[in-house]
Every structure is written in structure tokens, then in C-alpha cells.
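Each of the next two complexes has subunit A plus one more chain, namely subunit B in the first and subunit C in the second.
Our next item is the complex of A and B:
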């Protein structure tokens, strides 16, 4: 009986490991996109502590709000209030955010984030047109990978400065004003009002003009480079800082790795460690979006796996690789 | 009456099949086939193939231009994509080894000498015809210096530039560029264009062969073994010159037979037979001396880490976007990154690969073959031996060449080694 159950479990595992991963992920992302961009019309509300860009400016359609919006608002309160009773609200907010985050780890980026999904669609469009993607050289990668931490620091310091009266209120919330999601996601519910430049003050003028430029950059950038924006995303930096206790994890067994680089080849973010690092067990880096394409493209049994609370849920297998990578051969 | 002795008796040329060269192949093949009972029936294809090509000197047919390769680093998918046929020129014949001695210093690798000897002979066996182009990846020094010699023999040679270091990003970029340039050279040669379609079809061809190889490789995990190593080496050696699709069909047939063997609980060897991992300089027919000695002495080669077998066919290509550029870059990655060739500066990957094979294949001992004069394998011996020492795995280091003179001495050493493995096994058990 136990053996029968085991073999049934193994059969399920095999089926999962051999899934047509890209297709699965495409549909998952599409559903998540629909849910978080249009869910509001069905009165779905997951609160305002979500660990991905379910943009609050998409007022009608959103099914919840990205945590970065309330975070910056909370931080820009006058200091006496922030370091007084409002501090408790801030801490509970952070805790709720962390609880959401812990569930999927950076999987929120690779599977749920609507802005991430839009980038994947732009990538698909480029691929269909037969245009080649570009990528950073390794040295450039090493430099640019730090940008997200700088943005994260600014995203915390500027609101604090606003609260302390150092900066103008019209700069609040600073990151949202330059975030491409603020302009792009409301478009999907027919709201074009974010595409304006605010001339009310110099600060507002600068921020909104910057916002439009970043959005233009986003559209061009994600067309030529896979997951262009994620590389600079301060949410991604924040994720990484608290990723230790997360339930979904990307694990690597270095002994089984041949360093063939198949995972590196398919990585949207261009993370080299995924192929070359054979000692780290917990292989998710700060740039990772946990899209799990690396697991799907690894030909070595069990070299890469995604685990949830320690239980393997998706594992690299030879059979899965052969099924997925054999264009032109029917197997 | 004329003096009869004054008549000149012409020495008639001996037909190839009766030459000493054919005899060398014949002798090896006889041992491979007849010294063992229960050879898989589907191995007959390979026995016949080698008999026809090496013993009778029959012609090996091919389509399109013929591109000779001197190393596994030449991307065969690209060659197929241009409608040409790759053939691996690395040779294992002692006859050619002696012929090629003129080209190289006394203490040089038999493989390189044999390849040069073959290319320089009037009667090239396997009878593939004159290659339209020889691709010589810049790997070890002896191969590098062969380029000019091959050119001197009248071949057109392309140096495919391979970096000495494989870890750095600079090396990766350099190699990707090399491979792209190689594609340009192939376009000049064939007058065809590289398209998404023909590259994809070529990759599918190789990939199907690799899948068949991997399946065979997986059958060898079984203990007691279902198939002997000498047969497995013969199979992968055939990949050098055989038609890839016919080869894949034959391996798939062999795999079917092995699946049946597995179901019926068949044992190709005794359960106590020591399981051996073969590494180092590549065994290439007819020089299957060492693997054969191991199996004649009661051991079984269950897996290997050599460029005439595992390293040639194991690693598969992953592509993210099936566009020409991405496919070519992915191919380049596959030919560089996982390669455990000793010509690279450092070789942690080879050691890790060996340890993993020992673990997953339940290996009792390792045989390390280094061709006398193959400096890179000789130099890597120390680090590999240290790693095995640390892991408590027995290893026999054999320095040899293509001659049969040391057969007696080797067989004594191998018997002693296998005996010690059996004893270790007994004590462990």
C-alpha cells in the first residue's frame, strides 16, 4: 500500500518535472496579471502590503496594492509621529509584507508581478520579430547590479527627509513617481491620467518628467533586454534582504553540476553563479526572479530544484530536459 | 638458357584486407567479439561496421562536403547545418602511429602521431575520402602544431581558436566569437546559409544521438552490468565516422535489447566483478587494449570520462530563444563550459565529474590511462590521484601507447589491481 502510494507520488513528481515549463509559466503569469490588474472589478482586495508591483495607481482594477506605496507614505510622516505611535503601524505593515513575501520568496517577481509579466511579453514580441536580445558584459553587470540597493536606500531616505521637512512634499512618494508601473498598469484599465507632467512645483515637475523618461526607457529597455527593469528594482533588493526565512527556495547540488552553463544560457537576468557556483546550496542571488527557467533547462537529475518548506516541488531531470529542449525531435 | 634468378619477380601489392594494418584491427575485433560470451545481439551492427571499415577497408559514404575534426570541440551541429558531414579524424591504429612518428618528436602522443600518419598515407582507413576541410581546435600543443603539418600534406586546415581557460567570462565571449567565425568559414566552404531551420534540424539530429547515448549510459548504472565497457567503447567509437542517423537507430536498438536484459535479470558479468571507471587518454579502435584487458581479467568498465565516449556525447545544449544567434551561442557554451579536457589551466570540473561518476556508478576502482607523451594527462595525474586518495578510492595509473609490446606486463598489473579491488570489496562487505 505504501509502495503504491510512493509510486503514485513518484508518478506525479515525474509529471511535474517533465511539464512544458514555459507554457505553464506563461499561463500562470497571465492569470496572475488578470487577477491583480482587473481583480478590483470583482471587489477582490488583498490589502496594501503586497510584495510586487500591483500598482496602487491602477485605482479601479487593482486587487491589492504594492507595499512600496504605503511604505513611502508611512516613512514621510512627520518624525515625531513616525517615531511615536505611527511606528507601530509601520512595523505591522512591514510584518504583513514579510509574511506575504515569505510565501513565494522572489517567485512573486518571476510568476506574479504584473510589471515583470509585461517585460516577458515585450521579450516574446521581440523574439517573434526575430530580433536578438542584448545583455550586459560581466563587468557592466557587476557595476549595475548595485543600482537597486541605491534606489532602495533613496526610497527610504527621501521619504524620511520629507517627513523631517528637508524635502518638498510634492516629491512624495518618490519611487512611485518614477516607477514605470504607475504609468503603464493603469493603462490596462483605460486610465491615461498618469501620463502627465505636473507643473505645480519644481520638485513635482522634475519627478513627473523623470517618471515619463523612465517609462520610455522601460519600454525600450525591456524590448532589447530580458527583464530589463528587474535588474534595478528596489523591491527586488528589499526582497533579498529578508529572503532568509522564505518558504520557496532555489537549491543547487554542486556535486551533480557539470557546469555546462545551460541554466546560465537561459537565465533572463544573466546570473553567472547559477552555473559556476558549485558550493552554495541556496543559490538564489539578489538578481534572481525565481522564474525557475534554470531548473527547467538543467539536464542533470536533481542538480537544481525548487523546494517549498523543504519539500522538493520542481526538480531538474534528464527526461524533463529532453522533453523541453528537443525542438524538431518528436519524443 | 637464361638464368632464372636474374628474372625480377615483382612484389605484388597485398590487398588491404590481408595487410598487417587490417590484421591489427582484425585481431582486436576478434578479441572483442570472441573472447566473451553473451554479446548483445544488436552489437552485431557495430561488429560488422568495424569489420567492413577497418578490416576490409570498405568505403565510408557521406553527404555533402566532408569536414574532418581533430577534437570534440568542433561543433558538429554547425557542420550538419551547412549540409556537410563531420568525421572525427582521431585515430587509434598502431600502424599509423608508426607512420606518423616522422612528424613528431620521439616522445609524443600516439593519438596525434596516428592521426598524422593516417592523413599522410595513400590509403586512409577509415576510407572516408579526402576531407574538404579539417577543423583543428587549438587544444593541446601537439594538436596545435599539427595544423601546419596537415597543410603540408595538402589539406585545407581551419584553426578553431579555443581558449586555454574556460572559467572566465572573457574566455566564453572569445570562444563564442570563434564559433561564429567557424560558421562563416563553413558558409564559404559550402556556399550555403545558416538558417534557423537547418540549424534546428542539425541540433535535433545530434540531440537524438545524445539522448540514445544517455540512455545507454543510464543502463550501465545497473549492477551487475547489462553490457560490457568494450562494447560501449565500440559504440561510441563508431560515432566518429558512422552516419549519425544510422548510428542512433543502432544504439536505440541496443537500448531496447538492454531493457529486455534488465527485465529478464540478465547479468553480463559476475556480481562480484569489480566495477571500473575508465579515465584519461581516449581509447579509440583498434587501440581498445586497456579496456579489453580489464574485462578479460574479470573486471567491468561501467563508465568512463574520456573524449572518445562520455565527454563527446554526454553534455546537451539548452537554448532559450530558438533564433540563429542564440542557438550558435548556446552551442558554443556546450562545447566549452562543461568540457573536462586537461588542456585547460585548471580542472576542478574533471575531478568533480570523476567523483560524481564513482558515486553514481558504484565504482570500485579507477583506471587512468595516459598515452606516453600526452603531457596534459600525465600532468593532471597528480591532482586526480590526490582527490581519489582523499575520497578513499583506488586508482591504477597506466602509462602506455598504441604498441602491443606491454600487453603482458599490463595484464599482470591489471589482474593485481582487480584482485585488490575484490579484496577491498570483500572487507567492506
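Our next item is the complex of A and C:
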């Protein structure tokens, strides 16, 4: 009986490990996109502490709100209130966000984030048009990877400055005003109201002009560079800071790695460590979106694996690799 | 193939944009439970109810006013009031209105208290409205458009001042009138739907204060009755305050959004008609159309003269239709210099409704043959985004950056393309 159960379990594992991964991910992302961009029409609401860009400015269709919006609002409260009773609301909000995040780790970025999905669609469009993609040199990569931490720091400090009366309320919420999701996601429900320049104050004028400019750069950048915006995303930086206790993890067995470089080649973020680092077990870096394309592209049995609460749920196998390659699975 | 797919993509995008700008369908809803107008069947039911009430003998007297024998002269009321007048344009009367006295312009002055129409304001005279102050909480207008206030960290409190006049900026405190009989009623979200008496302030300058312990909409009614000749003046000043925040119990808030908004015992009141797409945080903007409903004892009043007075004092008058409904477009009357413009500028509007009926009775043992009802409702409106937001500039800057960065990336990538160089090896050597 036990042997029969084990063989069934093994059959399921084999089926999962040999799945047509890109097709699975495409449909998963599409469903998640539909849920979080149009779910509001079905009265679906997952709250306002979500760890990905389910944009709060998509007022009609959203099925929940990205945590960065309430976070900035809470931080921009007057200091006596923020460091008083409102501090409890801030802490409970942060805890709720952390609980959401722990469940999927940065998998929220790779599988659920609507803005990430749009970038993947732009990449697919570019590939169909036969235009080559761009990548950063290692030196440039090392420099630019710090930008998201600077944005995260500004995203916290500017609202605090607003609460303290140092900056204008017209700058609130600062990151949302420059986030391309604010303009792009409402477009999918026919809302074009975010495509305006706000002339009500100098600060509002500057922030909305900056927002429009960043959106234009987002469209151009995402077209030539895979997951262009994720590289600068402060949510990604915030994720990494609290990723230790997360349930979903990306693990690497360096002994089985041949450093063939397939994983690096398919990595949208261009993370070199995924191929070069053969000593670290928990291989997820701050730029990783846990898209698991590296696992799907690895030909070595068990060299890379995704685990949930310590249980392997998807791992690299030679059979899976061959099956995907034979199907012409483009990474 | 690629062109075909691109065409399909553009067509889909256009289809998704096609719905933008369409009128939102208005779902029929009951009065007091959101927006919408009553059905013909509902109106017929109300008329039957009113006719039945009119058959009851009028008892008269001050005590009877609370029971109000339902507008005994109502069946003849439409004839008395005449057909609804054509609404007059803003400023058609006199532009900024002067403060009304007891007999100017046919308006009832001294309705219970001296100094003109009574209304409840969230600011005392001379302080004015405008940009949100540091002491305000929430920053969003609610159903009545009035902002909530109160101390931070504790139970939210609200203070309203009773003012007299028809200019939201210039009206002063209502003067106490010993001849008038005044009662104040507060309707809370989880309290008695018919309200509970609120103790009157010792001094009108101190205002009327009450606590708002739960989230929802609070309605305050101040009713004044005073006899003038053979006419009993009944004035109801009403305010609706939203105490709704970002947090809290969702179920409680959703319940509050569809709760009863009509006081069945009110001699007369104005209810702001909610819009079909209205959400938890609602702000009325300049340029928008807003409907109101005049009700007596929860039933629509036809032929009531309703005057909308803007923050700057511009006014427009209209007459309620058979559903008690009257609609105004909120004018733009905020024109500061650009560097002083504040998009959160909160302006107060005042709505005054009058109706007179032949109704006999006694008040303080004095007989009367007519009753003149007057009610006011105040709310807030804000500048329209059209006043400060520009699509042309937004799309212009976006397109410019898109073209510039796209061209720059293209040229950069083209410059880095290495020319193909073939290296030949001569194996013969």
C-alpha cells in the first residue's frame, strides 16, 4: 500500500517536473491579471495589504490594493498621530502585508503582479517582432541594483516628511505618483483619468509630470529589456528585507550544478549568481522574481528546486528539460 | 501575421475604451436606501397613504405637530402651488443675494429664530471654509458632504453651529427667539431611526456638539416652530455628517451606506440623492449635477420652491416635481490666483426649500390657518479636476518622452552593432 502511494506520488512529481512550464506560467499570470484588474466588478476584495501592484487607482476593477499605497498614506500622517494610536494601525497593516508575502515570497512578482505580467507581454511582443533584447553589463548591474533600495528609502522618508510638515501634501503618495501602474492598470478598465498633469500646485505638477515620464520610460524600457521596471521596484526591495521566513523558496544544490549557464540565459533579471554561485543553498537574490524559469531550464536532476515549507514542489530534471526542449519551449 | 495580430490588439484596446464615457445605468432604488427615483407604484402607494392620513381630523396644537396629520390639504396642494416653474438661471434674480429679513422677496424671515433661514454649519461665522484645516479628520465629504472632526485618538466628535441667513459665508449666528419653540434631534447609525433628543446649547455661539462613536452617517435636525399672524412657521435645519474612515468594520460601513436616510417624523426635510456610482468617500465637484428630494414625513413634496446657494452666494431656484425631486448643477465659483489654488478647497452650499399649505390648528393656544414649512440642508463641494488637470499636457509630455527615449534606445543599440567580419583560413597553406 505504502509502495503504491509512493509510486503515485512519484508519478505526480514527474508530471509536475515535466510540465510545459511557460504555458503554465502564461495562463497562471493571465488568470491572476484578470482577477486583480477586473475582480472588483465581481465584488472580489482581498484587502489593501497586497504584496504586489494591484493598483488602488484602478478604482473600478481592482480586487485588492497594493500595500505601498496605504503604507505611504499611513506614514504621511502627522507625527503625533503616527507615533501614537495610529502606530498600531501601521503595525497591523505591516503584519498583514508580511503574512500575505510569506505565503508566496517573491513569487507574487513572478506569477501574480499585473505590472510584471504586462512587462512579460511586452517582452513576448518584442520577441515576436524579432527584435533582440538588451542586458546590463555586470558592472552596470551592480550599480543599478541599488536603485530600488534608494527608492524604498525615499518612499518611506518623503511621506514621513509630509507628516512632519517638511513637504507638501501634494506629493502624497510619492511613489504611487511616479509608479507606471497608476497610469497603465486603470487603462484596462477604460479609465484614462490618470493621464493628466496636475497644475494645482508646483509639487503636484512635478510629481505628475514625473509619473507620465516614468510611464513612457517603462514602455520603452520593458520593450527592450526583460522585466525592466522590476529591477528598480521598491516593493521588490521591501520583499527581500522580510523574505527569510517565507514559505516558498528557491534552492540550489551546487554539487549537481555543471555551470552550463542555461539558468542565467533564461533569467529575465540577468542574475549571474544563479549560475555562478555553487555554495549558497538558498539562491534567491534581491532581484529575483521567483519566476522559476531557471528551474525549468536546468538539465541536471535536482540541481535547482522550488520548495514550499521545505517540501519540493518543482525541481529540475533531465527528463523535464528534454521534454520542454523537444516542444520548442522558448525561455 | 504580425500585422494581423497587432490590428487585433488595437481593435481590442479600442473596444475596451469604447465604454468610457457611456452613461451609467441608474438602478431603481428606494428612497433612503441610496440613489434612484421612486417607481410610479411607489408614488401611488404614498399618495394613498397621504390621502388616508388626510381623512383623519386635524387635532391642532403644539403637541400634535409631532404627529403631523400628514398635510391635510395635500390633495389640493398642486393646484395651490401651481405648475412647477421653469428654473431660473444663476444670477437671474440678483446675483449675490442680500441677507434676508422677515419680509423681503416673499421669503419667510424669522422662521422660529430671528435673522433668516436657519441652517447648520460646520464652521462658525467669520471663520470661513476653504482648504482642509489641520483639525479636520478624514478630509473627505460624506453623504451630506460635511467633514467629520473630533479629537484624535478618541471618539470622534462633531460640533455644528446654528446660523441664520442665506449666504454661506456671511450668515451670522442665529439669534435666540423666546417666542419660538425649538427641538433638536440626532439620528445615529445604530440608534433609534426616529432619532433622540439632543440637549440644546446654552449659548448658540458654542454650537451643538455630539459624539460619533461608530462609523456611519449622523443626521441632526433642528426644528423651530413660531407663530406669525395666522401662519405657523415650521423651520427644519438639517445636517448630515459622514463619520467614515479607511479602516473599521467593512460590514458596518456597508450597512451605513445603504441605511435609512429619511426621518419619518420630520415636518419637512431635504435628502441629497446619492449617485449610482457613489462610493464610501464621496466628493461633490463643481460642474456636477446633483439632485435633492424634498420630503414631508418621508413622502415627496411637489411644488416646493428650492433654492441652491453657492459658497460665493450665487443662487438658483427651482420647484420640486411630483417626486419631490429637484436638480442643480453645481457651478464653479472658485477663482483664486493660480499660486493660491487649492484643489481640496472645501466650499459650503446651502439649500433652502419652502412650501406653504393651508392647514388649521393651534399653537400655544393661538389659532393659525396656514403653515409655512422651510427646511435647509448644507453640504460641501470641491473644485472640479477639470480646473487643474490637463490631459493635453499629460499626453504631450508622455508622447514626447516616449519618442525621445525610443529614438535614443534605437540609436544607441544601432551604434553598438558590430559589422559582420568574415575571417577566412586558407587550409592549403
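Basically, the second predicted complex is superposed on the first by the 326 of 331 C-alpha atoms of A that agree within 3 Å, B and C clash if a C-alpha of one lies under 4 Å from a C-alpha of the other, contacts with A are read in each partner's own complex, and residues count from 1 in each chain.
In this text, contacts are C-beta pairs under 8 Å (C-beta built on N, C-alpha and C of every residue); 3 or more make two chains touch, one makes a residue touch a chain.
Predicted, not measured: the structure shown is a model, and the values here were computed from it.
Student: What is the contact status of A:91 with respect to subunit B (first) and subunit C (second): first, second, both, or neither?
Tutor: Touch status of A:91: no partner.
Student: Figure out whether A:241 sits in contact with subunit B (first) or subunit C (second), or with both, or with neither.
Tutor: neither
Student: For A:150 in the superposed arrangement: first (subunit B), second (subunit C), both or neither?
Tutor: neither
Student: With the two structures laid over each other on chain A, which partner does A:70 touch: subunit B (first), subunit C (second), both, or neither?
Tutor: second
Student: Once the structures are superposed on A, label A:325 by its partner contacts, choosing first (subunit B), second (subunit C), both or neither.
Tutor: first
Student: Report for A:196: first if it touches subunit B alone, second if subunit C alone, otherwise both or neither.
Tutor: A:196: touches subunit C, not subunit B.
Student: Based on the superposed arrangement, let me know which partner A:259 touches: subunit B (first), subunit C (second), both, or neither?
Tutor: first
Student: Thinking of the overlay built on chain A, is A:299 touched by subunit B (first), by subunit C (second), by both, or by neither?
Tutor: In the superposed model, A:299 contacts subunit B only, not subunit C.
Student: If I apply the document's touch criterion, which positions on subunit A are contacted by subunit B in one structure and by subunit C in the other?
Tutor: Common to the two interfaces on subunit A: nothing.
Student: Under the definition above, what is the set of subunit B residues touching subunit A in their complex?
Tutor: 167, 169, 173, 200-201, 203-204, 207-208, 211, 214, 218, 314-323, 325-326, 329-330, 333-334, 337-338, 349, 352-353, 355-356, 359
Student: Report the residues of subunit C in contact with subunit A in the complex, numbered from low to high.
Tutor: Those in contact with subunit A are residues 2, 5, 16-20, 134, 152-153, 246-247, 279, 338, 341-343, 385, 388-391, 393-395, 397-402, 405-406, 409, 413.
Student: Per the contact definition, I'd like the list of subunit A residues that touch subunit C in the complex.
Tutor: Its residues touching subunit C are 48, 59, 70, 73, 78, 80-81, 84-85, 89, 128-129, 134, 188-193, 195-201, 204, 208-209, 212-213, 215-217, 219-221, 224.
Student: Note which residues of subunit A are touching subunit B in the complex, please.
Tutor: 127, 130, 132-133, 137-138, 254-266, 272, 275-276, 278, 293, 297-299, 318, 321-322, 325-329, 331
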